[in-house]
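Structure first, then comments.
Labels run A, B, C and D following the written order; every chain starts at residue 1.
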């Protein structure tokens, strides 16, 4: 039989910043028997999901659902709007911004990568002024799109998307605005229409509390217009056939039926709780987590309080500590999974996920695991992070 | 749809002293399709379960599995071995000992209820000397059985069963020894044969990590002998037909097929971890829980360190605190279920379950819930119980 | 891992007359995490279930739900209403009537077993005239209860309960009327109040589409009155404490939480389809099954068309055929479970269940299995039963 | 709650040619909690899956697993081996061959579409001689790849892949051989290495008995060589990074964790039954299904007995019958889903799937549904297809 946990007993604490733990209700839903994706019941399901996903993105425009991971949705955003050799402005907030940039490069797009230098640059969100300045300099409008990450999963830093929109507008630049909120959607406040985003990219395994396997693109009329002239080859990702088929709740190719079942349940849970309540819950847990880090005498990876992530908290480990060895000890001893440091911060931090179906006691259990793990590893802590976190969760 | 949790999001922390949380693996097993309980596959399953249950009780003699709760197994133990008007010695360790005594009374058995007086008596285990003395006085051997509770679920106090056996032997008394370890089995060390128990009573929803619905009787040759002359009416509970049918792995009446599926998985988990490891894990968690209580400046209900329960810890709340109002606040605010005070200690304590599929972080999460709840309720705590508990779980 | 089917692939066809196949929705429900049976959510569930079960029994009086099998519910009906040595009139319609009678005997009740002689008697329902005659002869009202089986699972014969009620009334006899509809409830029309039944006994694993593990008693005011003076020892089965606790949706002892979850879903399915529609569906499938038997040139066990069971059909195998060897061949070759012949008809018949979550194609698949199996066994069939059954299901 | 079947009761018979019904064991597996796809347990799972998938494709070379549908795997095969404007030879066997050709066109590949003319062409497999002739004419080796469908899901016709290989070899042509066996894999015999296939494309929701959501590419050394110079843009689909990451059992981007759980179970089931036994079972069921069609007096869509599909059977409906209205009646009345006619045969046929977790009685139930449905629709049938099918399944 499938053996997925080497611990003999006790529940696993999954606190990586995604996949987040799927609620039992979602897991049961994905275990419903697969039905005919051309049958009458399926169309009803499809229409409901597409309508509800608009509420999640806060958009009146179409949302595309792919049977793919978030990486696929990154690719989809680009190939549907751009042509080979197009110049695109991206912004390095961390590892996932970097991976998106590399993916764009592989697709034959000419990327320019803004950002503050070095590992220190990974501790801040997008500097909209830099974008504005660069766009103003692009008087011939060579730049076709600006791509930024809303919630940088590798660092726990968000970016002010409204400010980026303002920067583009201030520069009177026609570039498309594309935003990755793979790990932010349904956890951090997000407003596709209000913020004037042209393509928002997301995935299922974070705030939507599903297993991985669904990717999303939320569109704008301007993105749909760009789609008509975009020349990068596309078929599986092509919006046009999907939008046509979606009108009646179906897909042109086989959708990921059982994950869509789970999406139905997750959307019902989120919309019943209320998006604003969901966001407030995430803010509250994130604040408690940061209080723990402070109490330990450690630093949060994000240096700008204005853009702390409500999804995850990056914890900088003391000089000389191999954060991955620490994570291994914590995993083996306390059955707790934490996120690794990636790229420029590899070995120097760990990440605590507090997104999706998380609550006070789950977070406090996880913080106890971090606290004991650090002690067992020989790290001197200033005080108890759990006690500090409790104070904020009373 | 079935709605079992009024909280909008986040996992429930179930820390009552049973039902304990069923592992996902057990829950999946009980959702297998029901099969023919007279078919060939069923007999294979039955034989395996009956053999493995002997390992759990540490007995070479038969174990009976009933499609009933633990209360049914109490009744079964009595009606299979006794006759109307038989005199039985019981011992008041708490609410469950009391309920067993009342049940015996209702069945027409003449019960004598030993024990220390008042609520204070509920803070100690069985005093074997009292039993020895009483049995010695019973020179005409009117007493047909001695009934004690191994792990008193209402208080978190265990009793020394080996000592009770010695007491009976010292009195050279022929009474049967019947023991309830409904909440102790597979969590606290238990040795049916070595301790000379004649009937052990247990249930599924505690250390066996199953939902409620299975009851157990482990037998001795002496119990089987008593069964031949016992005159209390019995049919559903009658051992004879069950034992006959069990020889080939079947039951004379319809067994609780799907709970037996779950039992199969739970037994595999327990025997793979190793009973001794399971017991050690429970002792460790219990010790950490008691350290938390001490750090809070509160008292553990059990006053005798020799018989602290590894299954649950009774926490005495300060004078003037309504423990049930506190539990309600904790449940509503932190999605944590704690056990209520029962009978003589109603409103004066709450119980923390740390049995079955529990681990360090689950317990620490629960203790954080208690700690925050007590603070929110206005209780002054001496210090952080969580930090004290962590020290023992490093 | 749990292995419950020795066939390498393909769905099992479970067509024994119970346990019937549990719908996926019910199986998922019983895999919900166990909750605190003393917590607020549980009481809401309990009240709903108790109210809905009244609709199923068609009664305004209380329904008792036991964490036990149907055999337990048989015992409960007797011990709650009778005293040792009480004289009870029972009627032999088949193996289950016989088992109930033996159970009553074991409990110290004096049973008198009416019925037509020999195996032939097992092909008819209760003859109400015999009951009336016997009751009229009992001028001193020694007979305290009349016990009959509504749907005799061993034969596929129902009995006219309204006629039994009339017989008792015609005899002006005060005996209680107790009815076993373990395998009839929610499949065959049943009216506890209208038919003046005092105690109806049922179970979960038949028309209620659940795994085994729940037993039911539906009561009448007269039964409750009898309960006050009944002297058979009882505790686990005692109605009084259960009724008291049920007022707020709880149970005095630990209920079978997860099976109650399944009951919630099953009741929702049945009441949504509508009881009358459920009954009509069963009648239709049963009629088709009998048409198959006739087309094969075989006999249905039930000889009285007025009382054919809508739940199952007993098929008499030709002289010289060992029905159990035939069933074995069918099971091994076609992954189809059929019911064995029991007691007086052992080896002479097999039983086809078409109850609960059954539909046309499932039945026709099963009938194909019977048809091929009989051919493979060397039985000459007059014609195709499947084709005949299809004609009635068009 | 999710409502996926408008029928009030009874199991749905899913007999479209994919998604095939997922076994309960697979559905339970995909409901395991999602784990860290960078954690130690995941790597063990990944290595096992990749090794077992080689057994399924019968290859010693790498297999790629995508979190995507089969359409994605089509695209992956092309973009990893070809450059814009490359000339590719495809063969029209039916709708899915046509869709693959259109997808290639959209990607900027120059496709040439061989095949017999008209709807009649859809009743035969690939004519290898036509391919050989065309390749011989291509003396300058403009043709970079030959793409054929192994099991054409729209018609129930397979193609002789070994013959296509021979044709290419006979023409001494260096073109790559790419084969779609999305609906054939693990149902129809398939030999990636022996048949000299360079890229085999497949998906999860057919013979692998999973829900949709996984796509596969099996590679050859020649395909890997072509990959080095292929210039179509690719990132998400790029083999190189995946192969690198797969060495240790991981993926470069987030895999579809929970579907991989299901794949683990499905592979265990298939390899335990034995691939040859799985193939023989499919052949047997397919033969029985064709016997039913013949008995009805109807035609099978496939006209060449050498290439009948073991996966599904296309049933040509009589002139004047709207096959989709018939399917609708059957679905509503008998809770049976059949495949629609696609493209050139729309409205003129229906398809019966008998793949994956299918067995005798499931197929016979489905054939009863077809038979009754056609009668109810007013179609005159020559005889009973079910009886004819039974004869072959005895």
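Following the convention adopted for this analysis, a contact is a pair of C-beta atoms (placed from the backbone, for glycine too) under 8 Å apart; a residue touches a chain by one contact, two chains touch by 3 or more.
Keep in mind it's a predicted model, so treat the numbers as computed, not measured.
Any chain bridging subunit B and subunit C, meaning touching each of them, is among A, D; the list is complete.
Graph distance from subunit A to subunit C, where chains that touch are one step apart, equals 1. Distance from the subunit A centre to the subunit D centre is 34 Å, each centre being the mean of its Cα atoms.
Centroids of subunit B and subunit D (each the mean of its C-alpha atoms) stand 54 Å apart. Look at where the CA atoms of subunit C average out and do the same for subunit D: the two points lie 46 Å apart.
The set of subunit C residues touching two or more other chains comprises 21, 28, 31-33. Looking at the complex, you find that subunit B touches subunit C at residues 2-6, 12, 14, 16, 19, 21-22, 27-41, 45, 66-72, 74-75, 79, 84, 102-103, 106-108, 203, 205, 211-213, 232-236, 238, 253-259, 261, 264-265, 331, 337, 340. Interface residues of subunit A, counted against subunit C in their complex, comprise 1, 24, 28, 31-33.
Residues 7-11, 13, 21, 23, 269, 272-273, 277-278, 281, 334-336, 357-362, 364-366, 368-369, 371-372, 375-376, 384, 386-387, 390, 393-394 of subunit B touch subunit A in their complex.
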